[in-house]
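I've put the structures underneath this note.
Next come two complexes built around chain A: one with chain B, the other with chain C.
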Partner chain A sequence: MIGFLLDGLIAAGLVGLAYQAVTSRSLFRGIIHFVVFGLTMALAWARVGAPDLAMAEAAIGAGLTGALMLVAYRRLVEDRRDAPVDPGPAKSRLALPIAIGSGLLVGVIGLSALFSDVEPGQAGQAVLADLQQVDLGNPITGVLLLYRGIDTLLEVAVLLTAFLAARALAGSESGTGSPTTQGPETPMVGALLAVVIPLTVLVSVHLLRAGSYEPGGAFQAGAVLAGAGVLLILSGRIAAAETAGLLVRMGLLAGLVSFILIGLTPLLHGGPLLALPGLWAVYFIETAMMVSIAITLVLLFAGGGGLKRGKHG
Partner chain B sequence: MVDLALPGIALFLLLNLLAGMLRVYRGPTLADRMLAALLFSTTTVAVLLILAEWMEQPALRNVALLFVMLASIISLAFVGLPGREDLEDGEQ
Partner chain C sequence: MTPTDLITLSLLLAGCGFYLAGTVGLLRFPDVFCRLHALTKADNLGLFLVCSGLAVHSGDWRIVSLLLLIWLVGLLAATVSAHLIARHAHEHEADAPEEENELR
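Now for the complex of A and B:
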């Protein structure tokens, strides 16, 4: 009963927040509603028993995207200091029918999902059957690396492609202004960083290690590690550079390259492609992927091709 | 009784969240909205810790840990925003 009430409150809050985030006339209000929406969404994922998704939603949906929006908002305000207030886009006559139509669509899909018995996927069944053998406690990591390795490999490749595409679009204009929000004189920032950065690194390593026996893993850990990088950028400790140094390049490619190399080795002695040779390979690839994901996210946030020491570094 | 205590506390905290949501909605200043959002993440941490106990999902504690890390990013991104209220809350 109380559980039902909880879920109802969360669901109602989500709808209200989403509406506010989209329709707010002031940008800042929309951004804050978006961030709070992300946090509530994470709570909803937690309620349906999906901590992995809750972590990803909180880290990327609320944290990094929220910070990115706040930085963009700051730029907008600085650029248009004397511009008149933008009245926002005109109302469209199509908006209401589209909203009703998509609402109905989502409702139908949700209802049919409720009333149909879906068999768990083959990879899920297989990994639950021999989880003990492979010595991994977390079925999700098992599926991601042992049974659906090709999908995970492609995801890492997509992330790299996204970064390259962003670089191509940004062109040579980027790297001129790092999204630094703090002057060197802002009090307490140094103390905050001294506490939070080591803790963030600790938490991301904890999440990575936890990924082998409970929810967590490379993506969540990488997102948290990227959070540390974003903090350093915001406080001007590191800044976007035009080109990447050797270390950054190695970090960017580490996940993809190590996954491909370890995935190719079984072919040498006649095994199937991507059959990982043991638990150490899982840990190795996850660690490399964590570094790559973190560096990609930080570079995307900084809007540059590389990183250098910032002006308050 | 103990069975009811944990979900009851979670519900109470969630109602607190709703009150915070009202503050995010009403404002009136940027800092009000921001502080409400930060309060939101703190309370969510509490809700997650209680849910972890109640739903017997210890992994939710890791989610709570992650929330704490994120609050610092959002607050650092906010501090030092040029406080142009007139550009902001034109509707109020």
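Now for the complex of A and C:
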């Protein structure tokens, strides 16, 4: 009963927050509603028993995307108060019918899933039985790297492509405006960083290691690590640079390159592509992916091609 | 209901009460400083009560120390962010009164 109430509250809250995020008159309010929507969504994922997704949603959907939007708000709206206000797209008469139609569609799909008694496919059970032999306790990591390696590889490639596209669009004058907040010289920020940065690194390494036997993995660990980078940028410890140094470039490419190289090695002795040669390969690729994901997200946040010491560094 | 359950329940309810009071203060108080005052004090104590309620419920030292860590990190984050907000508001008090209304 209490579970049902909680689920209803989360579901109603999600719909309300989504509506507020989209229709809010003030852009700032919309962003805040979006962040709260992401956190509530993480709760919803946790309720349906998907802690991996819940962590990714909280770290990326609410945390990093929220920070990214707040910085964009600062640069686009606050710093240009005198610019003419964009009235936004005109309201369409089709909006209401489309909203009602999509709502009905989702409702029908949900209800039919609730009342259907179709047996789950055999593939999942076969994989679960198979994973017992590989010594990976977390089936999600096992499936991501051992059975759907090509998907995971392409996700890492997409992230890199997104970063390159953002750089190409940003042009050369970007990265000059600093997202640093006022007052980072207060001693409290230094104290916060001294505690939080080591703790964040610890948590991300734990998530990476835990990814092989319980919820966690490279994406969650990379997102948490990127959170530390965002904190360092906001407090002026590091800043965006025009071009990347060797270390940053290597970090950007580490995940993709190591995944491809290790994935290609089985071809040498006639094995299938992307058949990972052992548990060490899983750990190696996950670590490299964590570094790449973290650096890509931090650079996207910084809005530059590389990183350098900030003015408070 | 065992005595442990009773202690857990009263601690959790007390924590929720503090959270409620802090939220009402955040929504109803007139300016940034009053709101921060309500939020930081009430929520830190609320988090402590909720954490200790859960600690009593778990009865496992590993969980208890993790909950303690959660409370300490929460305290740290709340302290520093409230300090930064108050500092910013103090420095920009004169020139942006309408911005505060937007946050309401």
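The rule we apply is simple: the second predicted complex is superposed on the first by the 283 of 313 C-alpha atoms of A that agree within 3 Å, B and C clash if a C-alpha of one lies under 4 Å from a C-alpha of the other, contacts with A are read in each partner's own complex, and residues count from 1 in each chain.
Here is the rule we go by: a residue touches a chain if its C-beta (ideal position, glycine included) is under 8 Å from a C-beta of that chain, and two chains touch if they have at least 3 such contacts.
Small disclaimer: the values here were computed from a predicted structure and weren't measured.
Judged by the touch definition given at the top, the superposed model places A:Gln20 against chain B, while chain C stays out of reach. Residue contacts after overlaying the shared chain place A:Phe28 against chain B and chain C alike. Of the two partner chains, both chain B and chain C are touched by A:Val189.
Which of chain B and chain C touches more residues of chain A: that partner is B. Once the two complexes are overlaid on the shared chain, A:Arg167 sits clear of chain B and of chain C alike. Once the two complexes are laid over each other on the shared chain, residue contacts for A:Leu199 go to chain B and to chain C alike. Shared contact residues of chain A with chain B and chain C: 26, 28-29, 181-183, 186, 189, 192, 196, 199.
Here chain A touches chain C in the complex through residues 26, 28-29, 181-183, 186, 188-189, 191-192, 195-196, 199, going by the rule given at the top. Of all residues in chain C, those touching chain A in their complex are 73, 76-77, 79-80, 83-84, 87-88, 91, 102-103. The touching residues of chain A, counted against chain B in their complex, run 2-3, 5-6, 9-10, 13, 16-17, 20, 25-29, 32-33, 35-36, 39-40, 42-43, 46-47, 49, 51, 54-55, 58-59, 62-64, 66-67, 70-71, 73-74, 77-78, 81, 85, 181-183, 186, 189, 192, 196, 199-200, 203, 206-207, 210, 214-216, 220, 224, 227, 230-231, 234-235. Against chain A, in their complex, chain B makes its touches with residues 4, 7-8, 10-11, 14-15, 17-18, 21, 24-25, 27, 30, 33-34, 36-37, 40-41, 44, 47-48, 51, 55, 57-60, 62-63, 65-67, 69-70, 72-74, 76-82, 84, 87-91.
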